[in-house]
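I have a structure I would like to understand better, so I am pasting it below and will then ask my questions one at a time.
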Amino acid sequence: MIRRALRLRSAQVALAFLAVVVLLVVTGDLLAPQDPLAQDTSAVLQGTSSAHWLGTDYLGRDVLSRLVAGTRVSVLAALTAVVIGALLGIVPGMLSAFSGRVVAWTSLRVADAFMALPFIIFAIAVAGLFGNGLFQAMVAVGVLIAPVYFRIIRAAALGYAGAQYVEAATLLGAPWWHVLAVHIWPKVLPAVVVTTANLAAGGLLVVSSLTFLGIGIQPPDPTWGGMLASDLGYLTQRPFGPVAPALAIMGTVAALNLLADAIRDSSGDAGRAAEALRNPLKREVADVR
Amino acid sequence: MTAVATPEVQAADEEVLAPLDEVADLAPHSPARGVLIALGRGLAIAVPVLFLTTLITFALGAFSDQDPAAAVLGEVATPADVERMRHEFGLDRPFHEQYGSWVWNALHGDLGASWFTNIPVADSIAERLPVSLSVAGLALGIAVVLGGCGGIVAALNRGRFVDRAITAVAAAITTVPAFVAGIGLIIVFAVLIPVFPTGGYVPISAGIGLWASFLVLPAFALGLDASADLARQLRTGLVSALDENYVLGAQVRGLPWRRVVLVHALRNGAAPAIAVIGLHIPRLVGGAVITEAVFQMPGLGQLTRDAALRGDVPVIQGSLLVAVLLVLVSSLVVNVVLARLLPASERAA
Amino acid sequence: MSADTGTHDRGPAAVTAGEALVQVDALRIEAPDGRELVSGVSFELARGGSLGIVGESGSGKTLTTRSLLGLLPHGISVTGGSVVFDGMDLRALRRTQWEQVRGSRIGAVFQDPASYLNPSIAVGKQLTEVLRVRGGLSRSAARERAAELLGSLGLHQVDLVLTQYPHELSGGMLQRVLLAIAICLGPELLIADEATTALDVTVQADVLDLFETVRVREGLALVLVSHDLAVVSRSTENLLVMRDGVVVEAGPTAQVLADPRHPYTRLLVEHHDAYSLAGYLEKETADV
């Protein structure tokens, strides 16, 4: 499935972009051409030059270096949310495909309750209540996206829950975790991969939004969202300042979404279950048992 | 079959029209009943969801490490002061009691008061809500108009250049976060071509034109994502509706094409798009926080953000509650609209 | 009628009385890839006359009738021949002109009636919509006329039926509603394409009788398309047998059935005899 997806040109471009991002996450500010925190009051708000490829910000700091150094925080925070969401959502989602109507109804309502909470306001609230930390905020986002995993995986697993080989395995006395791991997991894997890529993109947007608002970061530390916020104050002097961090965010988001699309297009029904969630009517159909 | 096989042209008349025994289940049916059912079903879901979310909201505040005494009195507070303060705010009572009285008071419109300013939370929210509702409402309007037109035009020109252009633009827009869109709009329409203000807000009482001029950019920034999604869903829904036999049926009756599209195809094809609006409402409410920050508007989002940065628990709880209420009420409205539009789906549900 | 090779034409008998309402000559219909789906089909239909078209699926019979409605599937088009209705060249019509012809001069009903009605709109509203938008009736006049029409087509509890949705009605009832919509503007031609195929046998007979009644009462010309020889033989005067986009035999229905000349027609009649109840009973008695 993945291999077939990688034959697509769009997937190759997306992967190349993501490889650069991952490299920056691993190396951190080692690759930054200059010290991302070093101020130079003699050269503030400059345009592009050979010394500063992307110019300087309002304190004369090198924008390219800050962009490179800011990658790790932004990406790792997004991944935190996705990992927590996956841990909380995937196994319950598979299990609920086998549950009775009462359990299914209740679990869907709990999922609805979490999905009704506006992500960003909730994350801000949690960050505020539990100390102004990005990690706390992203744990909260992770809890909020768990229902997304739950519903998609449940929808994907529902199709297989009634399959004859699953029934046969259950009749032969295989324990539930064995049935899940051997029979259901491989079938829902495409949906998991697609959802993870989509949610990582969404998580990155939330991280950028939060850091943009100044939630969860200490001022001198560079983040993509924080850079946008500080550039916003100097639009008249440097109108194209926000372009570089904005492109970093949008490029990564677009690459993740492209990858998700490519994998979904080259996988079967299970991948399409992830698409079905985008269409709420189909989602309701998937829930009718 | 023998009778059928012989070609006998019968004398036309009424005895042929034998009474029908097959009068199917002729339960009286009215659209109003469908709406009531949808409303009841929606409330049955919304009320438990509201209960859960208030519990989550309140528990977050109660179990956080924020303390009004430490927050207000600062480092100099003596343990006795802290104890007195905690008692004053009722924080020494058991959790369920605190929750119960919070819900009870909330039902009477009392959300407590800020730990820092002592201003009633309900008053602050009432003051900020019009700002947020203006932005989110206008954004929704823009999404419906822009996404609606885009989707219909794309569907009617399926496979042609216009269709591919709209689809590509919509796909590109969904990768742009609201605050990036906001900054872009400010750069273009407030800095390079200064036709709109870069930010701020004036109430509608200062004049509709002025009020709108402050809202246009933020509402566009917020509504772009929703309109792109709406356009894509509407295109898909309408394209499949146009392939349905009932569209052919309506054409056979000689109904004008515009009527066939706007009355017959759209009614069914718009359903997924309308459901998508329901999904976007939490994002519009939440996204308003960011948009308000970009455009420096004194809305609910700013209130929440400032409260979060200070650890002002009652304000955080109150605004979270209002946000959730907004979301639940609007999704209820969406469900009722869907039930009114598609009476047939009531049976399937 | 053109004398295409392979067509067993029985000459002027095909048109019984009156002037021709429909004249189709050497009709060609092509798929987007250039494949010919209908090649050189010709027939005439008199005012108030009836014509049956039989053939297996894919024989081009549905496409032929669709060209009379100007509603060919996406990409498929008429590439040759002429389609003339009451002296008017239908191939030259634009969309707005077609909208004037459909419904008020040519009506149609199809297989699977439920799918041809909008599932989200009450059936009464769909009937009165046509009467109001096309017939220019007022809301109350349209409602009255609708009830009257449905009553004349053998439906009971008409006021209730009018408020119901397609999923609440049976197939036979739906086909009557569709028939009411098709004839409500007083067309001169009614096309029934496999209109009784999905119905129970008894309901099928009822609806076929209804077509005949309406045809005589309203002076309609009828084109009845079916894969089922029995359906066509029961209610048409003339018959076209189509296969692979070509007319293989044409003539008065009774004559074609009694004395089929083309091997394919012979095959159809034999099959029909062999599998119908009559044929079965005959065979039983012969065996005894």
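Per-chain residue numbering starts at 1, and chain names A, B and C are given in the order in which the chains are listed.
Just so we're on the same page, contacts are C-beta pairs under 8 Å (C-beta built on N, C-alpha and C of every residue); 3 or more make two chains touch, one makes a residue touch a chain.
Small disclaimer: the values here were computed from a predicted structure and weren't measured.
*Asks:* If every chain is a node and each touching pair gets an edge, what shape is that graph: line, ring, star, complete or other?
*Replies:* Drawn as a graph, the chains make an open path, so a line.
*Asks:* Starting from the Cα centroid of chain A, hunt down the chain whose centroid lies farthest away.
*Replies:* It is C whose centre lies farthest from that of chain A.
*Asks:* What's the distance between the Cα centroids of chain B and chain C, rounded to whole Å?
*Replies:* Each chain reduced to its C-alpha mean, chain B and chain C end up 48 Å apart.
*Asks:* How many angstrom between the C-alpha centroids of chain C and chain A?
*Replies:* 57
*Asks:* How far is the middle of chain A from the middle of chain B, if each middle is the mean of its Cα atoms, in Å?
*Replies:* Measuring from centre to centre gives 23 Å for this pair.
*Asks:* Flag every residue of chain B that touches chain A in the complex, lowest number first.
*Replies:* That would be residues 45, 48-49, 52-53, 56-57, 60-61, 64-66, 174-180, 183-184, 186-187, 191-192, 198, 233, 236, 271-272, 275-276, 278-279, 282-283, 285-287, 289-290, 293-294, 301, 304-305, 307-313, 316, 319-320, 323-324, 327-328, 331, 348-349 of chain B.
*Asks:* Touching residues of chain A toward chain B in the complex: what are they?
*Replies:* 109-110, 112-113, 115-122, 124-132, 201, 205, 208-209, 212-215, 225, 228-229, 231-232, 235-236, 239-240, 242, 246, 249-250, 253-254, 257, 278-282, 284, 288
*Asks:* Which bits of chain C are touching chain B when the two form their complex?
*Replies:* Within the complex, chain C contacts chain B at residues 69, 71, 95-96, 98-104, 107-108, 110, 112, 115-122, 129-130, 133-134, 152-157, 160-161, 163-170, 172-173, 178, 181-182, 185, 201, 203, 205-206, 208-210, 212-213, 215-217, 230-231, 233-236, 253-254, 257, 272, 276-278.
*Asks:* Quick check on the complex: what are the chain B residues that touch chain C?
*Replies:* The contact residues of chain B facing chain C are 1-10, 12-13, 16-20, 22-30, 244-246, 248-257, 259, 263-264, 267-268, 341-344, 347.
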